[in-house]
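First the structure, which I've put down as structure tokens, then a few questions once you've had a look.
Labels A, B, C and D are assigned to the chains in the order they are written; within every chain, residues are numbered from 1.
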Amino acid sequence: MRDVVEIGLSKSARRGYHLDDIAIVPTRRTRDVDDVSTNWQLDAYPFKIPCVAHPSDATMSPATAVALGRLGGLGVLNVEGLWTRYADPAKILEELAGLDDDDPATARLQEAYAEPIKPELIGERVKEIREGGVTVAVRVSPQHTLALAPVILDAGVDILVIQGTLVSAEHVSTTDEPLNLKEFIADLDLPVIVGGCTNYQTALHLMRTGAAGVIVGIGADEWSTTDRVLGIRVPMATAIADAADARRDYLDETGGRYVHIIADGNIQTSGDIAKALGCGADAVMVGEPLSRADSSPAGGAWWHSAASHPKLPRGSFGSAEPTLGSLEKVLYGPSEDPDGALNLFGGLRRAMAKCGYRDLKEFQKVGLVLDK
Amino acid sequence: MRDVVEIGLSKSARRGYHLDDIAIVPTRRTRDVDDVSTNWQLDAYPFKIPCVAHPSDATMSPATAVALGRLGGLGVLNVEGLWTRYADPAKILEELAGLDDDDPATARLQEAYAEPIKPELIGERVKEIREGGVTVAVRVSPQHTLALAPVILDAGVDILVIQGTLVSAEHVSTTDEPLNLKEFIADLDLPVIVGGCTNYQTALHLMRTGAAGVIVGIGADEWSTTDRVLGIRVPMATAIADAADARRDYLDETGGRYVHIIADGNIQTSGDIAKALGCGADAVMVGEPLSRADSSPAGGAWWHSAASHPKLPRGSFGSAEPTLGSLEKVLYGPSEDPDGALNLFGGLRRAMAKCGYRDLKEFQKVGLVLDK
Amino acid sequence: MRDVVEIGLSKSARRGYHLDDIAIVPTRRTRDVDDVSTNWQLDAYPFKIPCVAHPSDATMSPATAVALGRLGGLGVLNVEGLWTRYADPAKILEELAGLDDDDPATARLQEAYAEPIKPELIGERVKEIREGGVTVAVRVSPQHTLALAPVILDAGVDILVIQGTLVSAEHVSTTDEPLNLKEFIADLDLPVIVGGCTNYQTALHLMRTGAAGVIVGIGADEWSTTDRVLGIRVPMATAIADAADARRDYLDETGGRYVHIIADGNIQTSGDIAKALGCGADAVMVGEPLSRADSSPAGGAWWHSAASHPKLPRGSFGSAEPTLGSLEKVLYGPSEDPDGALNLFGGLRRAMAKCGYRDLKEFQKVGLVLDK
Amino acid sequence: MRDVVEIGLSKSARRGYHLDDIAIVPTRRTRDVDDVSTNWQLDAYPFKIPCVAHPSDATMSPATAVALGRLGGLGVLNVEGLWTRYADPAKILEELAGLDDDDPATARLQEAYAEPIKPELIGERVKEIREGGVTVAVRVSPQHTLALAPVILDAGVDILVIQGTLVSAEHVSTTDEPLNLKEFIADLDLPVIVGGCTNYQTALHLMRTGAAGVIVGIGADEWSTTDRVLGIRVPMATAIADAADARRDYLDETGGRYVHIIADGNIQTSGDIAKALGCGADAVMVGEPLSRADSSPAGGAWWHSAASHPKLPRGSFGSAEPTLGSLEKVLYGPSEDPDGALNLFGGLRRAMAKCGYRDLKEFQKVGLVLDK
């Protein structure tokens, strides 16, 4: 059991650790980097790398979702984003690409996202991705799942991602009929990824809804302000390790149903990816790092979905920085950047080799050191 | 019991935690934000939000006290501040609004507050607030309580706030007759809020004076220098949780007298408010964040009362920064600021909803994580 | 007993705490500031404040030693400093006052201190101080004590300060006859202050030499680089509390000999002074803060003795900054500086009052909180 | 045993400490600095100082390897560096010396190191060093050891350094015949230094290969980005102390074979050297600090070997800064730099003297304090 600390006489807290607080410890064996596999499979869908795109409009367009899929990852388009609000969001994306730190970027985001969602565009976007010949995944929020599901399912997606900052298996409402995840998922015949969540209990409950994958974390990075706005901060190393324990317990209680854990938060570099998997994740959600690719829809700018919230924005706008190369280079190198922003999965592969592991499942057992 | 650490062979210390050291942990339930209530009631006075203004002249004028009251919070005017020293402090406030970092701001504050208090102005200010139709509260220091109480009570306030940096139930003096809080409060027929204090023992003793509310903390924020000047620093998460334990013990020893804990320190964002309440506070004192409202008396400048101390100032002057919008926007949004400075209580409400709680009293039980 | 931590399988370390890691905790009583005494007495010499000057040429000239003595503290002149190397060091001090960050200040210091000590000047300087009518104290290094003691004692000082960065009761040398502190002190009929030291054992051994006071710490402040150069860093809160335990044990083993602990390190503000005394010190050595006085010999520049070491300098040169007022203002205010650099001992007095203590000996029992 | 911390329900980590987290604690004895010896001997080779050069082209040319040897340390030339790729690397080194922060330095390094190694140059370089009359040591990577060993041995080196970022005693490969260190070393009749490694187990296994010295650490310094790229970070104080325990256990299991521990990581100042030896190292690898010598091959620029990796660079380029003096001054002073960058081993000697130790082996027992 984890440390429980007395904050004061009437209140205690569990201690949590961030990915930055830990590091990987190589053990006595090393291995050739070419003998290492980063293959990952979710349900029937195989991937060359454990990479799921965080569904931000800053990185995911139909075109980049296809590009990522062809390179071996899983692109995810937000069906509540700009691509389903505008027939052609190019001009808006261009404008966002041009905003700098002095512009009232949050207000501009709020304006852009005030445009209503056009359900007919959902089918069109899905078709564009499907024509790319890759696994098709879209993200919908829990609040709009019941309303948008029919059109999404009609459009024919492979994987459905139901994602909010925080999703629970039990949403309470006195006014709306809330989404019953368990019933909803049971009725579908496609794999569902659901989250984010932050601890053992919520992760276990989300697994029990029948989801194929559970998102752990709230997508926080240095542009995220959820902590300042809501007082919520997720120590990812702890959250992942807790969820991995839920995965094991759920495996046991179901006699063999393995639910994938997808870590979404504080993934900036190849080293972060290695640490998240070393804590027990099956895959990582990659957000801002994909905005460094030349093909990035907003020219390198970056924002979270929550950054455009009409009343309570929770994310800073990251103005466009010079991009670093092709998406392939971001994922597989070669890198000329010493800071771990390029060759994200080549870096993972090398970390695995330095520790002597052959595949991702083995690598979840890697030793860790805590130095903060 | 809390951690006791050996500082050295002859000395130990209790470990304390700041609001920044902790974060809120959402649990398995979520709730509609519209189903969440932030109502708070002190004695007979109901409030829409658990917001008490820190009585600084930088934010509290008769006009802003009325404005805050109308919006559902509790304004508090300092009867030892500029409004009772000057018939018209407008010119001084304007000058302070114009000071920048190169000006000798502390000396200017000391000068401005060297003007004697005019008791006749107290009645006038109270009348201005009362005419606004809101709950009337004023702050007086413990040293001047005996002298100023008659005129304050004559003026007819609803709530009296007796506040010094640190107030004890037992002040010792060889020269003056010290204020006996217990007797003083017993003689009054209006609710008294008293503080600040920093630990279980002092909080409990202040509760036993008959106070309706106890202020926990010393109002520290990034402009406060009490630590450098006096060596006193209050880890607020611990101080609040300790005081909440005193509240429970006092409730037990009196068979049901519930004394409110008002947290005063390190409240800068909506996230901080959520954390303070999550540690067990009933309400928060809000200081500098109110200076970001357009109606702020000194144009956005900020200072503590102690910053004008004639011999030992304990606070830096914060020069005026551009204000962010109306007071209503500061409290209720909509926000275009991603950093938690706007929509302070909308942020609180959303944090409560993400954790599945309905009201403030329930929310005091929210889970915490310690990550520093 | 203090925490012992395993650094690695073959090595453990004791945990230590800095003054910055702790803060003072006010308790349930407060007291009038005018009822608080900061009186301190060493042997037969009474002082109004527990203030011993760190013997740097940047702050201590014969004139400022007199000024400090008249204001109630203890000035200490370094008999191995500029005043005994030059008949008139005014020109050198003026030059040092003019050096800025781009100048090769360390080399200039080394040059200035390369001039040999003139023993005849020692008598002259002592006479200047004595004529000021104050307690006369000078500092000599352990290495030069045997050589310089005769001329120092002839000159007629009241208190002798034998101070090196680190002094032990047992110095081993194969070439020189080392100073035997115990015999040396026994032969003197004046009180000796000796140090610095950093832990219980060394403090106890220094007490057993017969010293009247033991310096704890190595005078580190933000200009000190002993950590980078020697790997030695002293957590002052722990060092003081350990030495205070040695004081108590020595008091017991001698049946009543009370040796004073003078804290020398990380004393920058009035808050630091309060914390050092709260950890158990009897007095503090004040270094750089005295350089902020108008009368500062080098116009506000600051350097440690070790900063001029000919081969291994261990201190950065602090270029002259604008001074803040008279020495009296530095010690007793009034202050217009919110950062605790003025009214150093008024700040101490107020901290004592806020905690309800009457005198320094009582204040050593004040409660502490650890928040780092 | 060391602290084991629960990161989350399914994962724990051992706690590790950096050199910056600890400091040396002087004890009750002090000693004359002239009575202290820093002598070190590896196999048959005596050295005046426990200094092994980190084999970077930024500091090690044939000429500087000779210079370091003459001054009492051990120079190490990288036989996979610029000196064996180019008959005359002068022009390239000059160009690197001229690069500034805006240049694409990593790409330029990659280009420079893309030139193939010329085995014939190895003999030539070794001859240059041997003619300098010093102990000859070269570094080769584990991957190229089998291929390059014949020419290296033919050239006639005294000490062979087999060094990769991370070396294990058991490298697994499905394609190449991996280097069997144990057999390889057994066949040689010269002492081998091998590493880096990071923990007890790997260190012990490397000792069992028959190595004379084991490198602990991965050479990390502020220019290293291994953490960001691979998620691997080595708390050096812990790694050294763990390896020292392996050294003792190996001494016991072999009935007397003493393997030297050479610490390679976070050695920037004389204080760092003292701390590394105080943790149990026999010698330190010095990297960037040697680049401050006037004779530095690239004019003061600094880079790691891994910084030029063709696909996954792991080190920032440090542009040339003004050098500080001769190599002798860097090692032995006199210093006019207060920050511990000059007189590296004079600083060590003084630290030993302040703690009363006579030689390096004794100094490994010095007391430590943990203050972070």
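Note that in this section a residue touches a chain if its C-beta (ideal position, glycine included) is under 8 Å from a C-beta of that chain, and two chains touch if they have at least 3 such contacts.
A quick map from chain label to UniProt name: A, B, C, D = IMP dehydrogenase.
Bear in mind the structure is a predicted one, so any value in this text is a computation, not a measurement.
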Remotest chain, chain D as reference, centres from CA atoms: B
Angle of rotation relating chain A to chain B [CA atoms, steps of 5 degrees]: 90
Intercentroid distance (Cα basis), chain D paired with chain C, Å: 40
Between chain C and chain A, distance of the C-alpha-averaged centres to the nearest whole Å: 56
Touching two or more other chains - residues of chain A: 17, 238
Chain contact topology (line, ring, star, complete or other): ring
Contacting chain pairs - touch in the sense defined above: A-B, A-D, B-C, C-D
Residues on chain C engaged by chain B in the complex (per definition of touch): 1-3, 17, 22-32, 34-35, 200, 237-246, 248, 269-275, 278-280, 333-340, 343, 346-347, 350-351, 354, 356, 367-371
Residues on chain B engaged by chain C in the complex (per definition of touch): 5-18, 104, 106-107, 110, 165-176, 178, 197-199, 201-202, 205, 225-235, 238, 307, 310-317
